[in-house]
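The chains carry the letters A, B, C and D, assigned in the order they are written, with residues numbered from 1 in each.
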Amino acid sequence: MKIWFIGDIVGQPGREYAGEIIRKYAPLYQPDLIVANGENASHGRGITSKSAEELYDAGVELITLGNHTWDQKDLLNFIDHDQRIVRPANYPLGTPGRGYTICKVGQISVLLINAMGRAFISELDSPFRAIDEILLEHPSIHHVLVDFHAEATSEKLAMGWYLDGRVSAVVGTHTHVPTNDARILPQGTAYITDLGMTGPRDGILGMDRTGVLERMLTHRPARFEVAAGRRQFCSVFIELDDHSGKACSIEPFLQYEE
Amino acid sequence: MKIWFIGDIVGQPGREYAGEIIRKYAPLYQPDLIVANGENASHGRGITSKSAEELYDAGVELITLGNHTWDQKDLLNFIDHDQRIVRPANYPLGTPGRGYTICKVGQISVLLINAMGRAFISELDSPFRAIDEILLEHPSIHHVLVDFHAEATSEKLAMGWYLDGRVSAVVGTHTHVPTNDARILPQGTAYITDLGMTGPRDGILGMDRTGVLERMLTHRPARFEVAAGRRQFCSVFIELDDHSGKACSIEPFLQYEE
Amino acid sequence: MKIWFIGDIVGQPGREYAGEIIRKYAPLYQPDLIVANGENASHGRGITSKSAEELYDAGVELITLGNHTWDQKDLLNFIDHDQRIVRPANYPLGTPGRGYTICKVGQISVLLINAMGRAFISELDSPFRAIDEILLEHPSIHHVLVDFHAEATSEKLAMGWYLDGRVSAVVGTHTHVPTNDARILPQGTAYITDLGMTGPRDGILGMDRTGVLERMLTHRPARFEVAAGRRQFCSVFIELDDHSGKACSIEPFLQYEE
Amino acid sequence: MKIWFIGDIVGQPGREYAGEIIRKYAPLYQPDLIVANGENASHGRGITSKSAEELYDAGVELITLGNHTWDQKDLLNFIDHDQRIVRPANYPLGTPGRGYTICKVGQISVLLINAMGRAFISELDSPFRAIDEILLEHPSIHHVLVDFHAEATSEKLAMGWYLDGRVSAVVGTHTHVPTNDARILPQGTAYITDLGMTGPRDGILGMDRTGVLERMLTHRPARFEVAAGRRQFCSVFIELDDHSGKACSIEPFLQYEE
């Protein structure tokens, strides 16, 4: 089974470029499942129903989220009944939406989990225990994908090693910079610290540089807008053994507009 | 001019592997200058005179540091008179050592600056202004290398764009995970968000997994030790125009022991 | 000389109650100078010209600010020419407004400095050095008041001791809870860790409890509004020696509506 | 029922002064229960069996802890079988020791809970839910004391209001500065944001000023030692209705050596 996992899609440029790249390469690579982190899909902050639909139309089948989950109020209109979108599982009981979802890829059940880190990013309950509990509830599913949305490399690597041999893949998101450390851990889990960002290439994390630099230099508020100009697409292809769910390969797939 | 810039060297495994790789590949690639971040060179925390000498013997010519600068007291015995080692320039006036150093590569003066970020990592004064001041003092040097030791990708990207066209290269360090975004920015500055770590390959940031995972799961203290086992080497090669100091290329050079 | 220093005034309830208390007690206590922290004066976030005028009308003569300085854009319309309002002095050079101001109390010059901490609250340059520089520029002024807007008690106490004998008073602001540690330090500086908040008494830091609790329990956004209901007024009276500028006394003055 | 709750006891000076004050005033005020936060009792960091015994001998009957819980390894030798000492309840399942304890005051059962905040201080699971669970397990106990060890005033006030009417008292610890806001909340819960520190009076949070200031000014390591010299004692007396467990009064009791 071939999974295509796409990093944080930022704004209209990200949505559009993701659509272009998927339409161009899906026929070539024939992934069995396309997943994308959509926490920045609408104006760089959160995701509306309209943006989600645009991603689904482009071929994305499942969407993960992160610290920007609640930035667009419109999410509350569909998160509860749309089985294709997951928010971090370590939000408290009673939080709208779901922390994981199960879909069928042919005859195979695939479990997709989203969780959020705590170092420098949130004050949620333990993502390690949240994932343990979900895995315990679904002992017969062997194809498990985890999007761990976190800031600190230590926490992300710790999650990769913690889950090694128990899930098919742990991919990190949130820093918007792709890392160069994709690998199969010894017990068969595919791992990458961060998928990187899909969206404007010449901004800072996808946002217009002017505002970000102004804030960093003046420490006063400045307008943050999705950047314009050429775009990038960050993703990995992960190949899983259909029977065992173990990862056979993980390969970065990065595209840059000139 | 070809620069070889090596990411955070961790402990004895990192020092030894750095030595092996440099001895193997330096004759082949013939770099004009070898720089390494050495903030973790001794037992993963700080750097002693003995470790620095070991790196110099291996071929490293200049050493940069970071948030672990002061972890080994022995540093105070040599930082003031060793012109080859720099600590972050945005430490306050009166701090031992220097924030930048100038060396000769043939006839060309090369200015190496070290600075530290503030997001999630320190409470120092502005690294942006600290670097501005150093550049202002040395208007005639065109070959300028910056090791920006920082946690947040936003701050590192901001520094890259802030210095684009004013320095030859901005390389990030500290996260110990190599990023996959090496590029030449539009005005000619080579940039990478993080060089990654040189040291144990199967630890967490170079440290033994057991202790790190124990801390993350129990939130109680646990022993942190440099990991054993196979090793990795993370670096970039940066080619600079001898005349203008602009970057012509930046290429990751990563080695992994099997 | 008697100084009345009032802690963070929050919203309309804070402005109104401050006015009532000042009008009631100023004739009785006859302060020579009334200073108030106004960073939350308008809707709990920042201060507009209208709110500042309201405070001036009520008898406040000088206003200090903090991390909410820039929350109301209207401030930019008057901060540069209104000598009665100061924002933290450790903002970078070129920041609108001033970090200190000098006023006359009878024949005596009084220097009021505002500075902001770095622990858990900002990424500004050193407040210690910023204040050192201001003091160095004004060696002949002996009546110096410092509003140190900071979160961590360690940083605030450190500032008090650092300036002991060099300024007349260091009063902390920002936590919105009055501390019970007003004292004269050994070299003659009046000190209190936090003045506390002037505004709604039954909210959380002056804001409506519902929204704050909702955020803390759900980790999702919730509306923050200035609370309604009975109010509190937090301040200190500080008596300075007219000649030396040393503090003779510091007394909390707290009022609570039933 | 009269409770005497003493704030963080720091080092030998704190232990000794606590002993002196208790021996002097206990006969006078005749508290029914003496509780103290002991997280800094040994050399300012953690608590050994010897220090705990010293506090018990002095009259302390129950000890609470905080972020320094694990600083002295000796704690592990007695925390599991000493029913008189509690560590934050929101540590994960399986953590040594207990998060609450129940003792008898005459015929009345008193439940003492310790919990730790998350803002700026820890990455533990929700203290709100941890306390909810404990309360749910003990519906018939009406005399409930909570030591909420936290940094941010917002989180501490939120806890007070969250538990108002459900527990007898919420006292904050950790900042080492006593607050001036002791009150009975509308539903009958006694509340104070911070009890303050019992130990050296002229240090910074009980530690020698030299080291703390050196760290803050140089951002390099400096030795932290418990300060010498005159001492302070910070506490509150809380009166509870024997029948309902509601608070009748809360009064700060602060002593300062001259």
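In this section, a contact is a pair of C-beta atoms (placed from the backbone, for glycine too) under 8 Å apart; a residue touches a chain by one contact, two chains touch by 3 or more.
From a predicted model like this one, the values you see are computed outputs, not experimental measurements.
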### Message
Considering only chains that satisfy the touch condition with subunit A, which of them also satisfy it with subunit B?
### Response
C, D
### Query
If you match contact pairs by residue number, which of A-B, B-D or B-C shares over half of them with C-D?
A-B
### Query
If you average the CA atoms of subunit A and of subunit D, how many Å lie between those two points?
42
### Message
Could you pull out the residues of subunit A that touch at least 2 other chains?
### Response
92, 123, 126, 217
### Query
Can you list the subunit D residues touching subunit B in their complex?
70-71, 91-92, 94-95, 122-124, 217-221
### Task
Name, in rising order, each residue of subunit B that touches subunit A in their complex.
120, 126, 128, 151-155, 157-158, 161-162, 175-181, 186, 193-194, 196, 202, 204-205, 209, 212-213, 216-217, 252, 254
### Task
Please give the residue numbers of subunit C that touch subunit B in the complex, ascending.
92, 118-119, 123, 125-126, 129
